[in-house]
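In what follows, structures are represented as structure tokens.
Across the two complexes that follow, chain A remains constant while its partner is chain B and subsequently chain C.
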Partner chain A sequence: MSRVQTVPHSPARQWWLKWRFHLNILLILVPLGFMPKYFADMRLFRGEDGLGQHVQADIPVGRWSVSLAEMRDEPPLADGPAGYFKTFNAALCATCDEGVKAIYLRVGKPRSLRAAGSILFGSQYRMATSLPIPQRTRPDALLWITIEGWDGNMYQASVPLADASPATAAWLAKQGDKR
Partner chain B sequence: MAQSPKKSKSRLWFLVHSWLALPIWFFVLIVCFTGMLAVVSQEIVWLANPDVRASKPDADATALSFQQVIDVMHKNRPELAINSMNQPDGSHFALNVGVTLPDGARTNYYVNPYTGVIQGKTPEFNFEAFTRALHGWWLVPFTNGYSWGWYLVSLLGLPMLASLVTGLVVYKKFWKGFFKPVRTGHGPRIFWGDLHRLAGVWSIWFVAVISITGIWFLIQAILADNHITISSQPIVPVIARDQVPQMPDGSATSRIGLDEAVRIAQEAIPGLDVSFITLPATAYSHISMDGRGWYPLMYQGASINPYTRAVDSQFLLSDRTALEFVTESMRPLHTGDFGGLPIKLIWFFFGLLLTLMVLSGLLIWTKRTAQATAAALKRSERPARVAATRAETTLEVQP
Partner chain C sequence: MKPLLRRLALPLLLAAATPALAHNPMCECDETTAGEITCKGGFSDGSGAAGVTLDVIGYDEQVLVGGKLGDDSKLTFKRPDGEFYVLFDAGPGHVVEVDHADIGAP
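Entry: the complex of A and B
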């Protein structure tokens, strides 16, 4: 706080003394600035902007086809001690979920159904999963899609991780520098 | 404020009280105002949008069961994938049904609980979500962990609690103030001062509840961002592979219906009022049901295996630790969402009072400043600029 002064203040200082406690009105700029981002995010969460970024459309898996996309064009996010995760979305071709029991996603080829990877949650129109991305993954690794049929059979296909998520591949390349 | 002989100490407290909200008055005002709106946002939408109302087709219509509603929806819109069903608190609200459309978009349909007819969908601008986001985290996005807007807002719990304590210390014999009339005709300074004190004493409990629960939101964010959990809620494992039948012909196996699942859940948890159902999101997922029990501030839930009919997991009031009873009660206590419309209206009213207290606090401050400036001008021939500065300083010691 200012003490009593004997010399007159400059206009700037006067303005400051008069208005300093109202400067917090400027905090309203924060929500105003974030508003476009807020509405864009709402659209994204509702899935109105499509499946996601870098859509790998109609990848044939068995007799079906799956479209795959990363939720956001960004590197994996850390989730504490659990490691790094990346959200992917997927959709089965329209009207062709017949016979599909579950769909899984994994970095590297799964050896069996029991290790098929992260299960995709949701309806055939839009599924999502949070895929663990180990830091030691090679940037040229493949992303494997496994469909488990109600008949117990397993159908597989893969796409390069660098195509499905260039940001993840770039991030992995950097992790390689650190290793 | 009456001057007391023990001036120095109460002056100090008064100064602390005066300065707590002042430098951030507008921010506090908007947070209080949006919080007040958020409490009744669901009711505002109900008033504004007829789609949200559960209108009876005729006087003696009875509500359909969850499965009956799904059946009607599937008949009318076979392409819809239904993810969840929610009966908001109050039978005047339509069901909220979460669906995915064939183009991959997700939305929330308002469904008439008597007919199963889809009345509308949540509009692009979701008023409830928006007011809550503005109030709760100042619209700052959550990227990794809690948003810094959440911290910004929840930090206000601390000065608010301090305002309450210092306000009670400086208001001598505040317990005698409950029926003191607000004096009009003595100028705005007296009027706003009286109003501030009267609203203040009636709001003691409310300010305590809001600030303490607000501080909890701060603690909650700190815990979550440091990956510390105090929850005893079991993590429901997916259904074991051998419990999901294999179908040699390749066609999907059938699951039990929702009504059967509700029956099983209510048999296992007597008194469970199922208000939220999550349908299986994978072939290995449960039908999960949540609802209130005898203690309206907390939810209980059960996960039903749709193949074996077993209750694979449940989380009841009796499973909670004493600490969880406290921490889980914090959110409904903050939002007033635990006793239907009457409680919400009480929260809304006191939210309005709280908003007015911030405003009146500011007005008292500016009136006093203006008066002190005028007095200082009369007293001396010094240039006005100096007098203005003088007034600011005077304010500190002459409440």
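Entry: the complex of A and C
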């Protein structure tokens, strides 16, 4: 008859063997910690928190009006060698969907329709674009909104970048030595 | 084989779940040899821009050099006189402008 001999474990090992199962609880607790941020993000992406931060409401552009807001109150984000980008959201006025072909956003006045800036995409009530912010932009630069109409004309308006995104203006002021 | 697969499963899953990459257009121009400018286009997700339109436009909006990027995403042209800008045009709203003042010798 064989005899089984139990080897006594060290106290640390005993503690580990007894409690390791409870690591499962961590699997529930860790995601819980991230939930407030997750839900805040979801509200932001769905537009339940409005268009964004520092909303510039009803900027008249041609016969339309556009509301513009930065997605988050933060400086531009680097995208590798492509430079720095800032996400802006925009909405056309609720009753003016007629005649607008495309809406563009640019730092500084566009030279032509071809170079009108980055295009806003999405539904007319909530469009978004990733706007390149050149590092040598002056903090007092203007954000130009260009509407390309189906009539072939360009309609333009501008707002100070410092109003639309104070964080970007502050960031640009810090980039001064790179200009 | 099986234990190896099991051990690799999680890292493989994590590697497969790469975040969505933006692909912002980008364009760099340098005066490579005297009087010649080489522009290289691309997108920030690392993809090239072969065949994308690249125009050199004067400040008076006249197209001085009209071309498309080669298979190496590059285009070389003679530096025009006067003031101009390079327009990397990957479609409406997907453009990059490079001003002549920003194109210098490397």
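Criterion: the second predicted complex is superposed on the first by the 146 of 179 C-alpha atoms of A that agree within 3 Å, B and C clash if a C-alpha of one lies under 4 Å from a C-alpha of the other, contacts with A are read in each partner's own complex, and residues count from 1 in each chain.
We adopt the following convention: a residue touches a chain if its C-beta (ideal position, glycine included) is under 8 Å from a C-beta of that chain, and two chains touch if they have at least 3 such contacts.
These numbers come from a predicted model, not from an experiment.
> Thinking of the overlay built on chain A, is A:Ser123 touched by chain B (first), by chain C (second), by both, or by neither?
After superposition on chain A, A:Ser123 lies in contact with chain B alone.
> What's your read, chain B or chain C touching more residues of chain A?
Partner touching more chain A residues in the overlay: B.
> Once the shared chain is lined up, is A:Ala102 touching chain B (first), chain C (second), both, or neither of them?
both
> Would you sort A:Arg111 into first (chain B), second (chain C), both or neither based on which partner it touches?
In the superposed model, A:Arg111 contacts chain C only, not chain B.
> Just to be sure I read the superposition right, which of the two partners does A:Phe34 touch: chain B = first, chain C = second, or both, or neither?
Once the two structures are laid over each other on A, A:Phe34 reaches chain B alone.
> In the overlaid three-chain picture, which partner chain does A:Ala173 touch, first (chain B) or second (chain C), both, or neither?
Neither partner.
> For A:Ala57, is the partner it touches chain B (first), chain C (second), both, or none of the two (neither)?
neither
> Considering only touches as defined above, state whether A:Pro81 meets chain B (first), chain C (second), both or neither.
both
> According to the stated criteria, A:Pro132 is in contact with first (chain B), second (chain C), both, or neither; which is it?
Second partner only.
> For chain A, what residues appear in both contact lists, the one with chain B and the one with chain C?
Shared contact residues on chain A: 80-81, 102, 114, 119-121.
> Give every residue of chain B touching chain A within the complex, in rising order.
Touching chain A from chain B are residues 22-27, 30, 81, 83, 100-107, 126, 129-130, 133-134, 138-141, 143-144, 149, 152, 227, 238, 241, 244, 246-253, 281-285, 383, 385-386, 388-390, 392-393, 396.
> Report the residues of chain A in contact with chain B in the complex, numbered from low to high.
Contacts found on chain A: 1-9, 14, 17-18, 20-22, 24-25, 27-28, 30-31, 34-35, 37-38, 41-42, 45-48, 50-51, 77-78, 80-81, 89, 91, 94, 98-99, 101-102, 114, 119-126, 149-152.
> Flag every residue of chain C that touches chain A in the complex, lowest number first.
Where chain C meets chain A, its residues are 22, 24-26, 28, 43-44, 57, 59, 61, 85, 87, 89, 92-97.
> Give every residue of chain A touching chain C within the complex, in rising order.
79-83, 85, 102, 104, 111-112, 114-121, 129-130, 132
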